[in-house]
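Dumping the structure here so I can ask a few things about it.
Just so it is clear, A, B, C and D label the chains in written order, and each chain counts residues from 1 on its own.
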Amino acid sequence: MAASLGWNRYGKSRVRVLKVFRDGAKHSVRELTVKIGLEGDFDAAHTKADNTGVLPTDTMKNTVYALAKDHPMSSIEAFALHLGRHFVSTSKHIAEAHIDISQVQWERMEVGGVAHDHSFQRVGPETATCAAVVGREGARITSGIDDWMILKTTQSGFSDFMRDKFTTLKDADDRLFGTSVTATWALGTDADFNDARCAIRKALLETFAKHDSLSVQHTLFAMGEAALGACASIDAIDLAMPNNHNLLVDLSPFGMPNDNEIFLPIDEPHGMIEATVRR
Amino acid sequence: MAASLGWNRYGKSRVRVLKVFRDGAKHSVRELTVKIGLEGDFDAAHTKADNTGVLPTDTMKNTVYALAKDHPMSSIEAFALHLGRHFVSTSKHIAEAHIDISQVQWERMEVGGVAHDHSFQRVGPETATCAAVVGREGARITSGIDDWMILKTTQSGFSDFMRDKFTTLKDADDRLFGTSVTATWALGTDADFNDARCAIRKALLETFAKHDSLSVQHTLFAMGEAALGACASIDAIDLAMPNNHNLLVDLSPFGMPNDNEIFLPIDEPHGMIEATVRR
Amino acid sequence: MAASLGWNRYGKSRVRVLKVFRDGAKHSVRELTVKIGLEGDFDAAHTKADNTGVLPTDTMKNTVYALAKDHPMSSIEAFALHLGRHFVSTSKHIAEAHIDISQVQWERMEVGGVAHDHSFQRVGPETATCAAVVGREGARITSGIDDWMILKTTQSGFSDFMRDKFTTLKDADDRLFGTSVTATWALGTDADFNDARCAIRKALLETFAKHDSLSVQHTLFAMGEAALGACASIDAIDLAMPNNHNLLVDLSPFGMPNDNEIFLPIDEPHGMIEATVRR
Amino acid sequence: MAASLGWNRYGKSRVRVLKVFRDGAKHSVRELTVKIGLEGDFDAAHTKADNTGVLPTDTMKNTVYALAKDHPMSSIEAFALHLGRHFVSTSKHIAEAHIDISQVQWERMEVGGVAHDHSFQRVGPETATCAAVVGREGARITSGIDDWMILKTTQSGFSDFMRDKFTTLKDADDRLFGTSVTATWALGTDADFNDARCAIRKALLETFAKHDSLSVQHTLFAMGEAALGACASIDAIDLAMPNNHNLLVDLSPFGMPNDNEIFLPIDEPHGMIEATVRR
């Protein structure tokens, strides 16, 4: 058997790190999960058991800690690019570093109506994400949001759709609309990532809230369009929005009406709507 | 083989329901997961395959939907008691109904600085909980909080502890303190559950934030004491607080100091501190 | 506020350890997750921030590793008792140690029809469990099985049950019966735990397979009775068996019959049947 | 704002179905989770709220049930292609259907040494997977395995690797090697999918067991090469193998040796090695 090596990548996943920033008595925290993947010339490791070109994944983990120490982490994107550039600079046979970061949210507590200096509570499940690809000639980066669960209780319908012999769904002119948004957009590597994130998230939120939704697709497109309007630096936004169904419960066997009051939330199955909206 | 039936209970778990309340254009939502367990004389079902005394668990599920329709759900406790009383009233051989409810949090969105009428986002992982036990002679109920993740970055230490031959832990006078609070307390069945919940949660939060913690036990007790102080109606509070460790990363192999900046958050193993604090 | 400490326990959860046993070239493995909880006089830690009686939970974790090294681990029960006795012997103010262990299954691979010396694959989700309580005067222990998912496709029905105004379920004389068994039984602290486990599991499995089930309760009782018959050393067995529903899909809208062929498996909601079967 | 629609896909995820096959008294089961995604001309739905071209995702779910009824399901691949062809044939504006299926394993029980007719237990976490893409001009399909957890306790090392200033890992000539294999390969749409799956899995398993592993990369490549040798119909195999670390516990603080006996299994972080092996 003559076999050869095709595409390959290796790295370390689920590297967690929490950094505390101390501005006098006032602290803040960033809690990240980092994934690192390296591409390049790793043939000898696979075909000749020659490990001399293999930087251990354990070292990648250590690198996250060490670089976190000295980096300001003004944004997760800046830290991802910094990590990626470090790995590519380590050796010429490493062609590309893929760095994915997600950040959970620790919100400052209020005590007696005042923001507390060093105490926090977790909000979520929403996370902030980014994905950097750093090559020998340059880098690119996307930013994003994941697991952002939102819900509206009216101004949502789905009617006049295509029907075939397996269609039993009825037209709905007033239904619940729940989703868990995954959004991704690309900025230049020197952008103000936090400003853009803030503007894009606000546009997505306000559009979701105010839109007269005639389908998930319809609202997804409007949200994408609003994000493009809110942030001139992006050319496109990718949105993935599951339809987290809340089924209207049939109360008629009990002689009861159900005027859009009682719903059964289900996790499976769920619709999944994905699209790129671009200028 | 002569076998006989000992303690037994049956019911339905993970019954999810979402109710929309419509006050004109302004909506609000409650999303609950309900668990129902019945105790009583169910021997014949087990030993004689006689199902005539077995209310189907499918019916219990339907009952949650139907009773949710007509109940104001001013609190999850009131709804749990209502459900329990219903089941016990169904038939004399049903001696006791156990109703557990947990509620996820849907927070109203802000749009243009104004609270939106019908759009929400999920916060959490914190849930509000209650557990009712309704018997033929009366009922009792506990309220609680679950999965409330909190963190403080200073004013926490652990020193001068017991040591044996397997002890390698060093004294720490300034460490991170992260936990995920589970709290449970009991009120009378006619109490103002929401007021009590609000007062207790505030006392727990503010004490956690301000306490000079010398151990998880020390802070847990102070939090419990504060809850008793904040709510005259409870005699005791049960607290379970894991020590969600954030390990200080050793950067010395890289010639770097680590002045309480870089931590490794881990989920396992974790400490677990549980106690009842009472008047 | 004068508060006092009520019931309390503290310890370490999710302590994982894997031990390799080497009998020449033939290896075997045990992978355990251990939970430790200590009870005793820990008042001073809570009320006076006096840690001198607090064995760190980090030490408990170390103790699992150290004792695993020197213990033969012939059974998880023997190791749990050994751990518990160690903690209670550490200091007089420790009154009781609670040790819970669960073990995942690594099954030896077959290579060329022969059992391989040192390669394994994970089966499951079933785990073997035990729970020891070691006090100053003695110890007790229960053994068990958890997450054992089983299914039968006929010889299961549920009919002639109690009906009320919320009942919509129809009689079923031939339905699927899927469950995930949790079983717990108690032996003396010097018992042959592995023999008993083997005999009890076999009795549970064969009874589930062969029983003409008229309800989950009916089969649960028969399984418990068979376990008592198979193992003379136990006086009782606790069984918790969710009804993991497989709903018959209504294909009539598509003009198709569904003669017990096409089912929708759901995780939520699910029935939950629990009972003790005793001599 | 002038925005336009870029790439898009929509469908239904986590559609579960269980089919019982009855050959007289002898039954067998297939439990599948299906994901459906359609691509084509869906611009009007997004930009004009015109749903006339949108087949509801609810209909896709129904279609899985209905087609499962009449299909022999000799393989998951055959069923995925059948589903995909159905959706593409529904309407000309549907250009491509993506069908992903995963199947859990229900193993027949043995009762009294004999395979039982209608009782099963779940093994796993391993699943069988496939992914079909059906277009208007033709179809392609990949088969695979997911979550296959395997472990070897010797014949594995990692030495003489690349070192930088953040490297602390020591050479290891005898370590544990645990992984959770994801494998994917492509056959023609008329292939004997089950035979190929069986041969490929056997080659992967036996190579993992017997290989003198000098790195995960080294063994991954050998496993891929063996799969190519075992199945002449595939040109390449994609393998993703995390390094599920079992860390050697340092027992020296307790004055104990640890001759590869006591390990700490961790889920995070983990290495991740991915490659295509081709002829």
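Criterion: contacts are C-beta pairs under 8 Å (C-beta built on N, C-alpha and C of every residue); 3 or more make two chains touch, one makes a residue touch a chain.
Because the structure is a prediction, the values reported are computed rather than measured.
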Name the chain whose C-alpha centroid is most distant from the C-alpha centroid of chain B.
-> D
Is it true that over half of the residue numbers where chain A touches chain D are used by both copies, so same, or is it different?
-> same
Report the inter-chain centroid distance for chain A and chain C in whole angstrom, where each centroid is the mean of the CA atoms.
-> 37
How many angstrom between the C-alpha centroids of chain D and chain A?
-> 24
Between the Cα centroids of chain C and chain D the separation in whole angstrom comes to 29
Shared-contact residues (touching 2 or more other chains) in chain D | 16, 62, 66, 166, 168, 253-254, 267-268
Mapping chain-to-chain touches, which pattern fits: line, ring, star, complete or other?
-> complete
Tell me, which parts of chain C touch chain A in their complex?
-> 165-166, 168, 253-254, 267-268
Contacting residues of chain C [partner chain D, same complex] | 16-22, 27, 29, 31, 62, 65-66, 68-70, 106, 109, 111-112, 116, 118-126, 148-155, 176, 205-206, 208-210, 246, 249, 251, 253-254, 256, 258, 260-266
Interface residues, chain A side, partner chain D - complex = 1-16, 35, 37, 42, 45-47, 49, 51-59, 61-63, 66, 90-91, 158-164, 166-169, 214-218, 220-221, 224-226, 228-229, 236, 242-243, 267-279
